[in-house]
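We just call them A, B, C and D in the order they show up, numbering each chain from 1.
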């Protein structure tokens, strides 16, 4: 097994598809969107990406069988839009792994003529979000103008710390290789898995790519999370702590 | 010395043996089982595996002589069952080291036609265990069915965090290379070296492979540990702390 | 993309220029000087240095476009002095990355016949600085004598911990390759971005290289910082804490 | 510059010398002995070992000149005993660096026919030492017998955690390559630089190798340290803390 081992499970048939990246991250926003797409539409896995940079472990499925940790690339077609959707349970555990995994993704993108990469994620606001804005960034000025028309907020150097991990590198390294890339980041507290933020990002994606998707399951999950947040706020009031629970208690309850 | 250096000490004579892995881990369950097998049955070392990924140190034996840190593969035959038993005092100190060490083990497994790998370990329950169940996972559905008949519990995605380290990778990477693998995990508190959990795992192994082994020494050691636990509980009662001592105080007293 | 990828943006035309390094560090002194030079004089980027050792991220500009994290080498000519100025937003995130990035810089230095490297930085005193001395170090004794004439303090093994990062390695590795190197370090508290310390370093550099530069913008920024320090001191007096605020509160407010 | 770069400064003239390793470690015992040998006897540097695994920095000498961090191998002859003495200010900062640096040392050892390696260090007792014993370990049983005759204590698996770093690997990896190695470890509190422990180790070394050395400077330094310890104990008594100061306060005051 190579440092990054890409196993071709099925041939990619799409011509000039878009690539949608939804690895775990802030509020699990990108992952929620990617998984919702794979649940709602017919898809098939085309690549499994194994790597020494993923945690050294196997996952155990509900039937007791195991699978080596990997990221998976799926192919699906939605209302005539051809997509490659990347998701997985882990990010690289090392700094250089992010670079090397992204390199492999861009190799695939070039091979099948991906015309644009959409890197999906969340941007942490540090407080409970009232209005679910989507913040954008792009590796070419013309993309900024196009995507801004769909209600995405650009500029003022947001997010301040830059875009970290595979999402950021798909844009940064993509530019060097001539692959267009847009990052769509849903505002989220950063404390919880956030299906509502995911919904906001997905709505932008459906507008930009012009397809429709049933949001019912994301909405259900959002309602469950609201219930959790409500109970937490009640607990706070009772205990007279006064404000939002701390990071340590709540991070990624999902 | 290479990054992973496998020194062949003796030729492996077994044909299609099973491989039993017992490196250190939760409750030292796997290591206790492997060492018990090597104590009870005649065996000879066939490989020493040195690695830059093990801690940079030598061990000092009781006579004052030193040995470079390594993992050791032994060959033994028990009631007609041919086994390769892997044990050692250390796991890889790096993430990629786990992958690379496992790769070497699977190279050996393929070379000598290992027909199945048994990765032994513990699964932490976080509380004192009353009934010593053995939880299983396997890299092929047919193995699940076979092993479940021996009283091993499968499924419901247990253990939740997956199986970490060489044990997990033997199954995960083994599947990619067509090597059958079963993981047998004894339930254990996770706070103490647990010979009782090791006994439960070993009983399963003797059932599955159909051999007999004297458990006396493991039982003795289990009784010693019970004595330790009892004293700790008394101390707790006296000090009115109320419950089980914390991780930091007790982890791996053995 | 290689581990260190040097992209030649423009050909270096200078013959036997000096190289001025101003990556981020203590008080951001070196970076402030480098950036001031690039603001005040005409320059053009000649190299972008990308690396797996930089953080895996892209920066987001004010217009919403992204750029992969890198260090940039600029060429400029000031009063007949030809300079290569290196700056960037990040240092290597790994230990060996510092060595490897410095190796590439010295490759360039040798290729274009750089006659001397000036590594700029700050040296932390741990308290508010009254008089902005510049401490020096050089990889050849003759350089010490020459630079000491410009009011730079040498010797007594200062700074105690040695010179860390690319600055230190440009001198240390430079010596092995026969590249002359001088490090100029402005004394600074170590708690704040310090344009005043940068001014002191820049004054030495203009003396040594014999060119003139308008300091107005650095002075303005220094006054802003003084305002910040003053407010912090007032806060301390009011709160009766007595002394200078702690590292954690103030480090690199800029 | 390679990952490990050995620069030959002078040719090694000794035939079948012993190698004495004194890199920094517990109580700086090994380093104190090595440096004392180099101070007391004529010597010349034969190798400088640079490495990506050492901290990325240069040291600044008292005259303001810099030197890239390295380990240095010296050659000296004492009463007819030919020695290669290794010392330096740093250990490898990475785990695999220890292995790789040791490999290079053993390459040299084999090239010049080193007949035995003496790895010097300290073993931490956790309390102030009354009687300065020297604990030993060796990579061959016959060496144990020989060295034990010089009052060195062997056995009972001491030190419990094994021997870490280059000292441990010189014995461990040396054994695999047929290079005899003895580790001499002076008992020391582990809290302070310990010239007295160094003296004890040096006395053993002079006995084993049969040469004489003036201990005056080590004794002076030991007296200075005793003064420090005395003052610290007085402070404790006054402040009624009762016992020896904690690790964090005292570690490596020297």
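By our rule, a contact is a pair of C-beta atoms (placed from the backbone, for glycine too) under 8 Å apart; a residue touches a chain by one contact, two chains touch by 3 or more.
Keep in mind that this is a model prediction, so the values were computed, not measured.
Different-residue interface: chain A and chain B share under half of the residue numbers found at their contact. Chain A maps onto chain C through a rotation of 90 degrees [Cα fit, steps of 5, range 0 to 180]. Centroids built from CA atoms put chain B at 37 Å from chain A.
Chain A and chain D have centres, each the mean of its CA atoms, that are 52 Å apart. The set of chain B residues touching two or more other chains is empty.
Here the touching chains pair up as A-B, A-C, B-D, C-D. Of all residues in chain B, those touching chain D in their complex are 1, 3, 7, 50, 52-53, 55-69, 93-94.
Residues of chain B touching chain A in their complex: 92, 95-96, 98-100, 102-103, 136-141, 144, 148, 154-159, 161-166, 168-169, 171-173, 175-176, 181, 183.
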